[in-house]
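Two complexes are shown next, each including subunit A; its partner changes from subunit B in the first to subunit C in the second.
Up next, the complex of A and B:
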């Protein structure tokens, strides 16, 4: 940067030389700026957490770590968390795969409804499943009472069930998009040559899906262990890292132990991120990139069909029932206690401001996030500077960062002058931008790989400045990636709780946080009604977005990159 | 052209979203009552003064944690509803702005700091609640004494808030320590722990959990019990024979506020008889005597406690609590 300024000064006499210089070095200047942003808003907060965990009131200490590993209560929370993550990831992958297989390869009649059921819960906060489970299967739940059962919902089992249900949609979405972009010709040829469905699955579909499955597994694992809503509501006395971190920071103001828990939570995530990157080296299959083609339904042998149908029915049924319970709860004063139909939950306007804030924050985050994502993708692919892979790794690491950790990091890093950002809307938006950056960057990278640099070079040779080239050639190509980053950031930011819960302040409350508080507090009717309002508003936003992108004739390409 | 239009629209929405809405007289507050009681107070202030109070729900413990973490750069202008530990701490550490309000003249000394650093706009206590239906089904009756809770038949059927995050639970802890003395008090808490299913984050949560029949008994804040009974929950409540403790809900103007005048107006309105009447209707014991909705004319028996000492001992007791109840995973 410094040399850049110097050279600019030296050549100030000649305007065209400055222009030449800028044109030649714009990518590097841009990269330096973006790196500064990443360092400041992504690396620095995490380092702040690490430092806090190592520095007690009187200097450097390992005492808090010693506490963690010597006390059964603490290290048991680590074991519980890892176990929960592992079980959840496997179950979600299996169910997600079955659902995705049925909606892409199964009978036509099932495809649409199954897809809708699997995707709708995405726009509702994940801990709603804990609520439905309590209403149905709690100690005094509707089903428990009807069948006079004696079981214990509160504890490890309950958390696993609710958390699995909550993350099936995510697993489904990721696996379905890879299945869609998988060219069905290979499978069909194998089928025509007489291979059984099982053989095709084993030797073609699953190996080709491997990179997509791996990525889905990584994302589900990280999100499961970081999302604390279900565990906080159903955990009882079973300790888990994420909800304990939350209690320690917000409830007890024990920033030292909270930071230790965060560092321990982040360790397995980073490990898995590296394993994932290592495994994917050189494993990019070229079938991806073709236009998504709907596969004709084939005759599926009962051996495959029966278990698939059973798993799909149970999973879709469970999701549907849980969602129906929340929907019903929004119309009752107290579902399961007094059964009179009311509309008062919807007429409760105290949460409206929070919903409005949520939309504001998500929108701002989506715009900034999509812009930064596209620019990052550009410098990663086109730049030729030292540390390119490092920038790529950092910008994709958002996948592996538990929300709680980044929330606490922001709280630690930006709550005192001169860097005071807390207490406003910007800290919420920035947090969402950098947590969800990876999708936009990835979509941008894959778009840019599709066009050769020759077009840009031709433009430059013909005398266009860097900005003109960028504006006229690069931007139109990148626009679908921009939209993908925008949609992903908007959708995830609006329902995400784990990071923003540390950053809300009076006047800047968010819907997801309000719903969680109401739910924990027992106001299930209002929590459900607020969720329904939120779902409705998100749907309207998506429709408007869809309308705009269709108008600009970007509909088909947008969908494709949204699936990246 | 179309693209430019869309771009303009996006930029315009972006600007509006970022700028938000600048409105009439507004103030940001930390409020630690239950969500619906917070809303009632916010509405009262709006109706009487026209001031919009922005707040988000947090428990006493959470507000204390937040204010401690933010000091001395607070993200709110005023606290309307926190426990005595934080109110005393704020006075001691210079986090509070003193203001002597004329409208509070004549209130008893438990409600007003003579120098005006804090104002206690209502006292609350904790009670024992039970689920009528579940108790009837099991054939149990409501315990008469706190000691009855130690009976093994209640194992896994009692919920109470965690003193680490809830002001109500902090009050329970110092009340039992005052009632039984330190040694016997901790032994009581340890024995009680064997029957507790889990500790909730907020002091009101047990009312709902017991009301919905998830658990038979709950030690809970009294502030919502009346409301929940009116809502139709099959609840039964009692103050066992030994009596109960109390704590205040305090208002403190936070140092560094740019809205001192607005904050003063709020302090003034909290001292009026109308506000006391409103709080008493919810079930609080108020600075200006008013008929109480929950307790009626006779207030419950109170165990004698020293709020100042309780506030001072709170950090030490938290450490003991963690030592005792947060080492083993059961």
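Up next, the complex of A and C:
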């Protein structure tokens, strides 16, 4: 309707027919261009992986899939991955629920500190936890040596622990937001009618949270099975799909099996993405509006309090310890083995060059990502064309795609003409852009929903062309969303490992890749120092983001999209 | 005295004991004192309304009685028992929230029966009680409906039935009508009042709507800034407000300054000197004496207006008609007397056509005017 009205107005005022056409159809033209970009940089690489897995030297074949399911090693890695996902999901949900329950229902003084601790892992690259576990429990680990233990950190257990710690914030954020949206009067009514704390939890809180918990569970599951760093660093001889893909490509140059592993990894992700988006749509219990108020602290019964406090304390303590040991380890060649306090780790040339490269790549990614994000948000919200929901779906799907898959996809798609990108900075940047598009788009969408179309119509009514309106009205209003998308893309790109590990060329290392390599080869000091540098950068980004969202009231929408 | 007589006497004594006593209640949120010493007694079967502008502490007070908020100082005594430290599930009070807080994952019957199930009532008794309650609120036909398939008024009734299910000693209603549209509010408020009187259940009602409060209550507790300004029946509050705030809170009011010139001790005929002339009223209060500076509380509907006829009888002041807005059953008039502007409501207006063109009018101040002593 907007475009129609716009075109009527403009046809009356402007003479040139081409100009009229452009003005009236600008949204559609823009949408078509964006769709081409998405198709080329997001869909095509995935299709390339699929094709690779199905095409042998002599045409179509299912040979590689047969290999996968007949060889114990591959088959086992699928089972391990799914098991890891399941265990991780359950543990993260339990911990996340306890933390969120305490920060929304517990005593006032505990709420803020617990919330901060729960969210702290966000400033760390997920593999920080793998690193800290090596420092503590590895073969030369502090705890291992102090207690003279002979255990094996590398394997299923280590991966589960590090993954759990890494995904606590995600679980916490999602559960906290559902708990916050639950009208506290509901629980109070049950309390008032004679229910005890445990009964309230069983009969009211958990049943009402069920859709939200399920949503969180699906997302954590997808993110866990796709996560590369922790499993690659701590997996040892235990096979997991994501790191195996990497070994397949870099170790054995077997692109066919690598592609098969990717397709197998991506299948549950796509399945769950659809469940997440469609089955759960509208499955929310609506309650009659009232002012959303923070629940007053309740007298929590010991039956609930004791296990909750234990779980929250252990989780919070573990998170803090992990940060502390990595920080400490960054000042020693190998913490616990060498005793000289050194700064050399921070001055290391490879590390600093990698940081510099990472900043460059992330910056380029952030600029492109923020622009595309804002434009996509615009066409999704304002467009009237066929396939609008489809574009929205693809642009938000990046987060559900395992990084390794998109890594191989880019390798397959862009290593040969027509578009040869490998070896440069662009392939790394573009990869990050399309993987992390979701948040920028979400921020833009929520910002646009705050603006009435009438504002744009008013501008058009006053005689402005589409481009003028867009430039003078839409862009300024969306600027906070642009900045948010920029910073978010930047800080996600700079820590991301799983896709870029396939795409870095020799001599052009990224910080995340350096950390991964050094951790694997036991150069803990440099790995820790590089991690701390990343933590610092992400922290600064978060502070800026926080500042902006406070200034522009983008806060709630950003939090929501970050949790999605 | 016979034993029967003693028993009856004791029973009546028992009935005279208040159901709920609030003793000097204070509540702090950090350094912010939201309740600054509230004392009140609520009689058995009485409907008492806490009313006041937003932020006056009325909802906090209700939540304190329900046990959802800790009390900072003071005592709450329910039926002779101190309940300060009892959690809500062990208190014999039940609350109905503004947003009803019905459990969206349960049917109407399951909602109403929730408290009964929690308190381990046998199945057959629960079913019977739920049936009885649904019949009471006329929702038998909806027992298996989900909550979101009910209208606002129906949800309100379910919440009411649920709160009554365990026969509480005190029913707490937190702005129960504020989510309903204007017509439904009138209907529901009558229904609530009728049920409350029939069940003879002690009820504390919270609202910010002073007219709703006046219509529904036995007594009003008018609050402001964490303090009780006045407690009284609707008539007392409206006709004999304790101060300017209350006078203005329960309806529009015109104030007029004056000084008491004389009070006739036998007839209570009182002469008040105002700058517009001498007025005579019959005094119905004894907190003022000759020589006091007073504020006369003149309600818009108590003043009669007539077209200027030149004949100045007792209590008639001369005014200039500034505006006359005719609205059928009522005409709202703005009249200036000297430098004072008065709003006057003329019910069942006659001679509207003449008033519309009139410039000067006679304003007759009634003899039953309430006086506020000026400090």
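One rule holds for everything that comes next: the second predicted complex is superposed on the first by the 402 of 564 C-alpha atoms of A that agree within 3 Å, B and C clash if a C-alpha of one lies under 4 Å from a C-alpha of the other, contacts with A are read in each partner's own complex, and residues count from 1 in each chain.
Operating definition for what follows: contacts are C-beta pairs under 8 Å (C-beta built on N, C-alpha and C of every residue); 3 or more make two chains touch, one makes a residue touch a chain.
For clarity, every value in this text was computed on a predicted model and none was experimentally measured.
Chemist: Quick one: subunit B or subunit C, who's touching more of subunit A?
Modeler: After superposing on chain A, more of subunit A is contacted by B.
Chemist: Please work out whether A:447 is in contact with subunit B alone, subunit C alone, both, or neither, and reply first, second, both or neither.
Modeler: A:447: touches no partner chain.
Chemist: Figure out whether A:253 sits in contact with subunit B (first) or subunit C (second), or with both, or with neither.
Modeler: A:253: touches subunit B, not subunit C.
Chemist: Which partner does A:52 contact after superposing on A: first (subunit B), second (subunit C), both, neither?
Modeler: It touches nothing on subunit B or subunit C.
Chemist: Classify the contacts of A:183 with the two partner chains as first (subunit B alone), second (subunit C alone), both, or neither.
Modeler: second
Chemist: Looking at the overlay, what does A:506 touch: subunit B (first), subunit C (second), both, or neither?
Modeler: first
Chemist: Of the two partner chains, subunit B (first) and subunit C (second), which one does A:204 touch, if any: first, second, both, or neither?
Modeler: Second partner only, subunit C.
Chemist: Is A:193 touching the first partner subunit B, the second partner subunit C, both, or neither of them?
Modeler: In the superposition, A:193 contacts subunit C only.
Chemist: Go through subunit A and flag every residue that touches subunit B in one model and subunit C in the other.
Modeler: Dual-contact residues (subunit A): none.
Chemist: Would you pull the subunit B residues touching subunit A in the complex into a rising list?
Modeler: Contacts found on subunit B: 2-3, 6, 10, 13-14, 17-18, 20, 26, 28-31, 34-36, 39, 54-59, 61-62, 64-66, 68-70, 73, 75-76, 131, 134, 162, 164-166, 197-199, 201-202, 204-205, 207-209, 211-215, 231-234, 318, 326-330.
Chemist: Provide the residue numbers of subunit C that touch subunit A in the complex, in ascending order.
Modeler: 63, 66-69, 87-90, 93-95, 97-105, 114-115, 118-119, 148, 152, 155, 162-163, 165-166, 179
Chemist: In the complex formed with subunit B, which residues of subunit A make contact?
Modeler: 71-73, 76-77, 134, 138-140, 154, 232, 235-239, 247, 249-253, 255, 333-334, 336-338, 350, 353-354, 359-360, 363-364, 367, 411, 415-417, 420, 422-423, 425-426, 504-507, 509, 513-514, 517-518, 520-523, 548, 551-552
Chemist: Considering only the defined contacts, which subunit A positions touch subunit C in the complex?
Modeler: Those residues of subunit A that touch subunit C are 183, 185-186, 188-196, 199, 203-204, 207-208, 285-290, 296, 299.
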